[in-house]
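What follows is a group of structures, each given as structure tokens.
Two complexes follow with chain A in common, the first pairing it with chain B and the second with chain C.
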Partner chain A sequence: MEFAKYRCDVSADRFGNVIACKKGKQGGGKLMFAAHMDEIGLMVSQIDEQGFLKFSPIGGCDQRTLLSQEVIVHGRRDVFGVIGLKPPHLTSDEEQKKSVSIADMAIDIGFSQEEAEPLVRVGDIVTVRRKTIELRNDLLSGKSLDDKAGVAALLECAKNLVDYENTHDLYFAATAQKEAGIRGARAAAFNVNPDICVVVDAGFAKMPGLDAFSAIELGKGPAIAVGPNIRYAIFEVLKETAEKNEIMFQIDPIPGMSYTDAMFIQIAGRGVATGLISLPLKYMHTSVETVSMKDVTRAGTLLSCFTRSLNSRDLEMVLCS
Partner chain B sequence: MNLELLQKICGLAAPSSGEGAVRDCVIDLLKDVADEIKVDPLGSVIARKKGAGPKVMFACHMDQPSFMINFIDKDGFLRFSHMGKLAFEQIRGQRVVFQNDPPGESLRSVMTGVIACEKIRDKQQASMIHLYMDAGFRSREEAEKHIAIGGLCVFAGETVIDGRKIISPGLGRAGAFVLAETAKAMQSSPNDMYFVFNAQREVDFAGAKASVWTVSPDYAVCFDLAPSHDIPSPEIQQLPVRAGNGAAIKIKDSSVICHPGLIHFIEDTAKENGVRVQFEISESFQSGAGPVHTANGGVPAGGVSIPARGIDSAHPIALLSDIEESLRLALHLAQKPFENLV
Partner chain C sequence: MLLKRLTESAGLPGFESGVRGVIMAEIKAHVDSMRVDRMGNLIAVKNERASGPHIALSAHMDEVGLAVKGIDSDGYLRVASWGVDPRILPAKTVLVGKNKIPGVIGFKPWRLTSEAERDKAAKTEDLSIDIGAFTKEEAAELVSPGDYAAFDSEFMEFGAHKIKAKALDDRVGCAVIIGILQSNMPYKISAVFNTQEEVGLRGSSASANQIFADLVINLEGTICADTSGVPEHLRVTTQGMGPAISLSDRTSVYFKKYREAILKTARDNGIPCQFRQTGMGGTDSANFHAAHGGAPVIGLAVPCRYIHSPVSVMDKRDFENTGALTAKFIEYFNQTGGLGRES
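Moving on, here comes the complex of A and B:
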């Protein structure tokens, strides 16, 4: 709803995606920017005889990150809970070496089965309870910055363009259920039916143990992705825009599937020319995900400059050049 | 409950893309009760019972786990691809029945074979690629008279119904039984009802993906099986579905998180009518609700599942009481207005 502040018409589609639209002049094309607003989470699957809640993961939940977390069970009303762990004194050497599986974990809300049942039901969603904190150097650390940081970049872009008269219709989509299988983006792309879509999602930033696998770094600007999931012309326009406007950027080569909203937006309808901006993020899918606010702001600026650069240009011609 | 019809529908052979027998049966059952009935290009049956309200799609599937012959060797043994989630240990040693119009013959012949495994030294290493079908042929030439590359077959096995349970290689069609009976039994509906019997569930829900476009429903409820978690295993994760505890209202499986509005609507309908229900959360199981809910810009979807054990085997089993509760629930749902659910 924040988008309404920036002169966008905001609505929710049938799937639950939030789509904000800023209409352009007649005869323009359709530009869409997308970032997902959901986060990985858990779902209550059983309330056992002692009142412990067994759960299933929603999305790529790393079991190692769940132990000793505080959680919120979104039941009839929100209930606090903890995911406990056997004391080390009573854990065998063998057990110490293994990570505990989700099947062996439970959420303790302090209630017995009878007390829990009116409040919590099978199917209720559970999220990790975590306050977002600021680190040095404009870094932000907390849960679900993948991809709320992307949504923030979209908002930054909308803010930059608040007084801007655009040729093309501009759509900002905060998509649902990405972590459950990139589901909301499929519906959003159908509903908007854009000519061009740039997705903003989290990318793996360099961190100890990951240097060999990752090319992008925190604080060095948004990473413009290139690979088969991306229309090369869009990559080029994004890169030129960043260079021209002196926005610090990096390049993120993605040789295969990107596993972002771009994957299904690219093949929606008759096909969509798709770009992707990776926000460098450390510790993905944990509750201490870390991003640089500078990168987020720069990504927003890059998107708004990208929009300006396409103004009064025929989108077909952009794609063919 | 019409057990004779349940036996008939589950007992037919319907490999993915070869659902003709079930299609004919469904059309025959519904031709006098539906306002419109059509077969789409993939072979799915779409039957409509008109109503003034929103478009509501009840969907199920007609096919079952099946095999396609992809190679015939010089000695007449058949190699195959499988359609559906089937594991090596579930396939090996099973019987199959072929469903083919043999070249040069007009009658459908019933031909049986067995799935056997190559003799290999290290038995632990045996896997899918070592399996072949033996239908008693002595040469490629002889085999080709009866079966062609692309020929289809399904697990052989009698459909058994006793007072308590049903065991059938085509048990997945219990959903089709529920839909056919619902369409027949329902009086007028406040909803514009579409009963869709999809082809090719086992080929990544191809039928469901296509028919949801044709129907363009406002709401969808998918009827299928759900894996029951009451099987003996010390390792299995405890998930809610239990055979014998009634119709399972789907909350989540690995392809969908159902729309809360529909989950509550289905639950309320069950409560109002005294239908015994439980909830389904499945982890490594997909349903037609998956492709349906992301189609056409998003379709609010729910599901009613029949708990079954051994879903991915030749001989899945379900309890009749659960099928009966699912049928009661479907019938009440079809006759209740789907209003303001989102």
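Moving on, here comes the complex of A and C:
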């Protein structure tokens, strides 16, 4: 509903996507910006006889990042818990070398089975409890910045354009169920049927263990992606826009599938000309995902400048060039 | 709340001054003397001139954690650990050094790892702390090699009677002793807050030689495996069943006479208690036991799940009962002239 502050009409579609629309002049085209609002998490699969909760993951999750985490079980009320590790006297040297599989983990909510049952049910969602913290250089670290940071970039764009009279209809879509298989974006693109859609999603940023050429860098601006999930003409307009407006940016080559909303928006309905902005993010799909707030703001600025640059242009002509 | 203040302060082995400061402020008004020895141990005496038996209470101030080994060329802090299972380190937040610089222990993105890789335990040498610095120089302005990094974990109540915090091992012991010192007990009581227990019972090696007591009660946070799917005989302790009395562990065998006496005290006062059912683990008891040619020691502990992690869990009732049993036993010990007039 934040988008309503920026002269947008906000609604939810049948799939659960939130779509904010800032209408343009009659006869204009349709521009859409999308970022997913869902996050990875866990789901309760059993309450055992001691009151511990067994669980399975929703979305891609490395089991090694779950031990000793605090969680919130979204039951009849929010219930605090921790994912414990069994003590060393019960762990053989051989076991010590292996990671603990999710099947062997349990959430301790500090209740007996009888106490737990009125509060928690099988199927309840669980999220890691993590305070978002600030690091040096305007870096932000926490859970679900993939892709809440992208949604923040969309809001930044809407804010920049609040007093702007856009020719084309502008749609901001916060999409659902991306982490469960890029589902919401397909419905959103079908419903809006845009000519052009630029997706903002998290991109793998350089960190220890990832070499510089397979990753973009934090603090060096949003990365404009190029590859088969992206219409080359849109890549070019984004790049020119960044250059012309002196917005720091980098290039993110994605030669295969991007595993972002762009992957399915591109082929939704009658097809959409897609662009993709990768927000450099470290430690993806952990509870300490880290982004640069400067990059997020720059991504928002890039989107609003992109909108302005297309304002007087016929979208069909843009795509022909 | 005292236990909150204690668990939220950092005290890695050799760097206990933060915790020691909290303890000193708490006990100052309630003891006759207080000093810090060459090892950093804090030794205090209550009712110094009281006649009768002399009990010493012991707990350790330090906790497990990480140390900064160096800063790499990209500004990441490379670490070594003090008694932490590296499998719990990925995706945690820490506070580095005295200035508590916030940092995160990052981990490789899920989609860029193979299944075989995900089956292997994380190794400390592959992990690093990210404080957000972009260069080595920038990080070096804030952190230097040798700085410690403590888990960033908030003291929290949850569930039925549960508390989650870091360093419950052994701030629970410190808190029990502080409680006794703050009471109006008329007996002579020495309190020893040891350093460097987690790196090999080192503080107490020196403090034990400075304590001349008739009996030492060593107070600990101990292993508790009463968790999902663990068979009863392997649980060591069970939460809610009261303080755990030590029988023997890797470093001490406890004298039966004193063990029986504390068991009787618990029974006479209706305080629940249990035995610590494992031979694993070592405690400062070992040093008190061996000092001055041999001294009796009682080991008493609050059961802590997920010990040595940022999310240790205890039952508040066990903590309260540990305090109650310690107090009742001190009374009993004094009233019987050091168990000499035991009925």
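Note that in this section the second predicted complex is superposed on the first by the 316 of 321 C-alpha atoms of A that agree within 3 Å, B and C clash if a C-alpha of one lies under 4 Å from a C-alpha of the other, contacts with A are read in each partner's own complex, and residues count from 1 in each chain.
Simple rule for what comes next: a contact is a pair of C-beta atoms (placed from the backbone, for glycine too) under 8 Å apart; a residue touches a chain by one contact, two chains touch by 3 or more.
No experiment lies behind these values; they were computed from the predicted model shown.
Of the two partner chains, neither chain B nor chain C is touched by A:171.
By the document's definition of touching, of the two partners only chain B reaches A:186; chain C does not.
Taking chain A as the reference, the larger set of touched residues comes from C, when chain B and chain C are compared.
Once chain A of one complex is fitted onto chain A of the other, the partner contacts of A:87 are limited to chain C, with no touch recorded for chain B. Touch criterion met: A:56 reaches chain B, while chain C stays clear of it. When both complexes are overlaid on chain A, the residue A:69 reaches chain C alone and has no touch with chain B.
Touching of chain A by both chain B and chain C, each in its own complex, is seen for residues 48, 54.
On the side of chain B, the complex with chain A involves touching residues 235, 237-240, 251-252, 254-257, 263, 279, 281, 283, 293-300, 342. Chain A makes touch with chain C in their complex at residues 48, 50, 52, 54, 60-65, 67-70, 79-90, 96-101, 106, 108-112, 115, 130-131, 133-137, 139, 141, 204, 206-210, 218-219, 259, 282-288, 290. Within the complex, the chain A residues that touch chain B are 13-17, 43, 45-46, 48, 54, 56, 58, 102-103, 121-123, 177, 180-181, 183-184, 186-188, 190-191. Only residues 72, 74, 76, 85, 87-88, 90-93, 102-113, 118-122, 126, 128, 130-134, 138, 142, 156, 158-162, 164, 223-230, 234, 236, 278, 280-281, 305-307, 309-311, 313 of chain C touch chain A when the two sit together in their complex.
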